[in-house]
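Each of the next two complexes has chain A plus one more chain, namely chain B in the first and chain C in the second.
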Partner chain A sequence: MNQTIKREDIEIKIKRQEGPNSPARWETFSLKYRPGMNVISCLMEIRKKPQTKEGMKTTPVCWEQNCLEEVCGACTMVINGRVRQSCTALVDKLEHPLRIEPMSKFPLVRDLVVNRSSMFESLKKVKAWVPVDGTYDLGPGPRMSPKEAQYRYELSKCMTCGCCLEACPQYNPQSAFIGPAAISQAVLFNAHPTGKRNASERTRSLMVSGGAQDCGNAQNCVQVCPQNIPLTQSIAEMNRDITKELFGFLKE
Partner chain B sequence: MSESVAEKIDVKHFYLRRIHSLLGVFPVSIFLVEHMIANAFILKGPEAYNGVINLLRSLPYLIPIEITFIGLPIFLHAVYGIYICYTSSLNLKSYGYAKNWFYFLQRVSGLIALAFIAYHIWDFRIASEVFHFEVNYEAVRRSMRVPWIFSFYVVGLVATMFHFANGLWLFCITWGITIGKKSQRISGIIFSVIGFALFAMALQSIIVVRG
Partner chain C sequence: MAEVSLKKKVIVVGGGLAGLMAVIKLAEAGYHVDLFSIVPVKRSHSACAQGGMNAAVNTKGEGDSPQIHFEETLYGGDYLANQALVKGMCEKAPHYIDMLDRMGVPFNRTPEGLLDFRRFGGTKFHRTAFSGATTGQQLLYALDEQVRRFEVEGKVRKFEGWEFLSTIMDDKQVCRGIVAMNLNNMEVQAFKSGAVILATGGCGLIYGRSTNSVACTGSAAGAVYQQGVHYANGEFIQVHPTAIPGKDKNRLMSESARGDGGRVWTYKNGERWYFLEEMYPDYGNLVPRDIATRAIFKVCREMNLGIDGEDQVYLDVSHLPHDFLMERLGGILHIYEKFVGEDPTKVPMKIFPSVHYSMGGIYIDQNHMTNVQGLLAAGECDYQYHGANRLGANSLLSCFYGGEVSAKTAGEYLSGLEGDVDAEVSKLAGQQVKKEQDANERLLTLRGKENPYVIWEEMADWMTKNVTVVRNNKDLEKTEQKLKELQERYKQVNVSDVSEWMNQPLQFTRQLGNMISIAQAIVKGALLRNESRGSHYKPEFPKRDDKNFLKTTLASYTPEGPVITYEEVDTSLVKPKERKY
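For the complex of A and B:
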């Protein structure tokens, strides 16, 4: 299979917006093809000479990037209608002309830059950490079995990129749903040998409006998660913990 | 104070969603199965079928039973179901995965089922009380012989049975019974078989009654 067909020009349509309250517009750019290009290198090329296909001068496109190897999540955007990291979106493997938009579920900052701080707020809501602060050294914690470690490792790969929220039909302005990422992180810390002690607090934080119950099982999250995190399994796992919490009164 | 009130509303919403899920199965799905079995007496002829109808209608406390175990649960499930539809959005064009289609169809089938059930309850339960006629084999036959009513029943049954089968699949996830991919796949197969079987039963009944 020869994917690297020589192309004369690449056409890229980019959704532009100066700021949160400015109107959005589409601009088309035309670039010389080079082998091995990804969407980020296209954006860099445009930055060198910000000029539309029609020859109109324009501003350089704003975007975020960091690791360039799909582990930081900073360069997440919607490419050809599908959310993904732009660093691993290879020009040779995409349908042309390219259509690039910012994620739609987060407040827009400018062009392809969005503000994902709501994801951090969600992590705080579910207490996605192990509280070990104290006045004296507690010594080493309990050990983890390799099986537990393997399971937790998969969940720990979340990079807060936002793909799962962008693709989730239950994550929208009419709904308070917290989304798959934070639920999975609560499961991650509930499965920690020391974090377990606060499991009930985390579980209860998801028994509210917008909690785990608002998942509608469209299961797009597992399809788009670049880290292949078993998000639907995490949600169902949390649902089971919530059911147990719900029937906790029977123990009394 | 404002925070504690907000928190209470917050928590209430969680309970409402879980109650919605529970009502979908107990009693609504259970009643649906019972109802299809009762209808299947059509296959045994007019006498047997009328006998079942008369038996059910002669139950003591009929009205309270109908309201508590059938009417109110469907009504509450439907009201909250409509609210769930409002909190949903669609992105099938970008993410056309099978499960995303099921998510969409669960909502659409719920709305179709609501229209169907409303008409059905009017036609075979309330209208007979208002206009004082008897619901029996003959009355069902008369209705089912009207082409548009029969077609509406087929559409309504497809929607209801899909909603029922996929709903049981969802229920198992909502309550944390099926967690992993494999168990969800297996429950999917089991509920598909149950759904198709119940649909076939219902279809046979309304075809046979036409005579």
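For the complex of A and C:
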């Protein structure tokens, strides 16, 4: 880490795959080093001249991107074995040659692009919204202390980027586990004075198989979350709510 | 969803704040909405807005009011904005803050638990509600969540990963739906609707590196412009004073850094020179963006006083308390640290102006309808509200108001539709799909020698050099010629991928063609506007010229290049005065 040696050329190995059913292959690219490069600017260079290190013509690499400042969550990849946003992956701070792969826990679309729609579906399952009456002029929202607002703000930064799911040993195509992101969102809305009113629905949606109790407490999620969201704390919070809900449920 | 009559159906293109606001208002009013977006809507560019959203609520006893907000917005925009819509927007602003508060946006709070407001440029009032320094992200998420709820209820269908290509228009130039391309399997399909609202954002990518997200190509605006929709005030491009230059993009350092006490300086004669405070003692670091940007250009380019002799000055928050900074500006300070590797709470940030926002855009009337019936526009892609220069924290506001007004107009328009609309449209749809399929086919089989990304880079370099802060007619003429050359070379493009599965170069090449057409409208508008107003500054014509140019520029597409005409600006509410900060 933290090597700032100037390089003549940088070498990048990229895992390529034409489509979901095509075989994967690795291609190596060689680029002229420029100060301040990140992984995205490398991919942008390659598409201007799509040619491998060996001089073979190839196609530009497909990848997802949008904001390039780590607030949109689009450009998640596995870089040198670690899942992260590629916009903040600075070439100067990475070991060389660079190894870039798509996330492995989601269906592959092409090259570095995967399909994360299951994450948005999970947000539907946990009802991740405040059920407002409408957008008409209904006056201000409930008062909240700066501390409560700050707590919710930290959870509300989740970009649905997928890093936590990629790193989670419990989350894989064979398991039903919903993963840390959606659980933390349920906690976020359960903590809102209006959202609280249907907290029980959210909590119950996570009491099923694949819910919060499938967490194996590996704590990888907090390690990789680019927004530093206290995901394990959220999961603990939800497990507490589930216990309470369970007692309430038994009373019924 | 069963087949819905076109009289009850609206298509919204773009899932940023303006698009989502329109979707919510339409769904609430009982319309069925199909929402199209290139990216999952939660990843839209609205997420990049940092500092906050204006609403004159006067909670700090300063005497602020929507009327003052309205007048300052006009003054900040050098009176080029039509006034009635701006007034409506400023009056509605406090309501939107309440609405977002109820939706659960984690706004920063006062000790009493009320919403806190910070200062922004072009005003002396605390008028800006905020969520740390990632307000846009938080507002976007709030609307995204509400739309997801409507999606579950079956009132909204989302088409994420689809690119808008063109509108379906009948022979009377009435819009009857859209043609879009699935970005996975590259299939081109028609989608019919009674009305279409474009909320497709800005066009910063025309300048290559800007503060904009990669999706902000202006391609949709370029496509409808070529179909006969006017493009208005294109020459008014906002260059934000404080950004971190980068290889892939420039990253914004929010105006809120100065609103919360940050200072801009450089060295002069070995001492710190707070040049904005000296040049503009009244507003200091919070002069509007066009003015701050010109000052930084003057310091770096004319006086050669940039830090280390380069194009950069300091934006300094290091004198402010650490906890205060983290709570209010943590979002952007982390961005700086991640990309530059220095801690801005300890050392001053090095910044330089960057292309940021387009005041100009698709021409719409006072109800957000374009000159094509049934086609509306809202958000950054339209041209209303901000005149010749946008005030900070007014963009989010204009998304909400524009989204609401366009949804209302679309509804009224649909109830006035007569005849069997559904039957008419099918044939037209087929023709437009064929046209777009042919365009794809042509690009894929060209095998020319021009790389689209190289053409883009050349356009961006020329636009950035000649059509940003300081503009000269000679350079604008040369840029006009250069764009013609690029347009010719575009005809010899090599897409470099012939795949029918997620062909991103094909997608980009299509966008590029539309970007060139908008660039031409920007340059032509700039060339013909021989005055200086807001962001448009010509040393050859240093004064504002109301007699000749208190007018909206209207560009109409022809294959030979844009034709420019002018329209009077509505100044019925506030009489223009000289703009002097």
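The definition used in the following text is that the second predicted complex is superposed on the first by the 236 of 252 C-alpha atoms of A that agree within 3 Å, B and C clash if a C-alpha of one lies under 4 Å from a C-alpha of the other, contacts with A are read in each partner's own complex, and residues count from 1 in each chain.
The rule we apply is simple: contacts are C-beta pairs under 8 Å (C-beta built on N, C-alpha and C of every residue); 3 or more make two chains touch, one makes a residue touch a chain.
All values derive from a computational prediction rather than experimental measurement.
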Chain A as common anchor, with chain B and chain C clashing or fitting: fit
Which partner does A:L123 reach: the first (chain B), the second (chain C), both, or neither? second
Looking at A:N38, would you say it contacts chain B, chain C, both, or neither? Reply first, second, both or neither. second
Roughly how many degrees, to the nearest 10, is the angle at chain A when you join its Cα centre to the Cα centres of chain B and chain C? 160
Touch count on chain A, higher of chain B and chain C: C
Under the stated touch criterion, which partner chain does A:E70 make contact with: chain B (first), chain C (second), both, or neither? second
After superposition on the shared chain, which partner residues are touched by A:V132: those of chain B (first), chain C (second), both, or neither? second
For chain B against chain C after superposition, the smallest C-alpha distance in Å amounts to 18
Inside the complex, what are the residues of chain A that reach chain C? 18-19, 34, 36-38, 40-41, 44, 47-50, 59-60, 62, 64-74, 87-88, 90, 109-110, 113, 116-117, 120, 123-124, 127-132, 134-135, 137-141, 143-146, 149-150, 152-153, 156-157, 159-160, 189, 192, 194-195
Where on chain A is chain B touching in the complex? 78, 81-82, 167, 169-170, 172, 174-177, 207-211, 213-214, 216-220, 223-224, 230, 232-233, 235-244, 246
Hey, which residues of chain C end up touching chain A in the complex? 24-25, 28, 39-40, 42-45, 47-48, 95, 98-99, 101-104, 106-115, 131-132, 134, 137-138, 141, 145-146, 148-149, 151-152, 160, 184, 213-215, 246-249, 251-252, 327, 331, 335, 338-339, 341, 451, 453-454, 457, 496-497, 499, 501-502, 504-505
Hey, which residues of chain B end up touching chain A in the complex? 7, 9-14, 17-18, 21, 84, 86-91, 93-95, 97, 99-100, 102-104, 106, 170, 173-181, 184
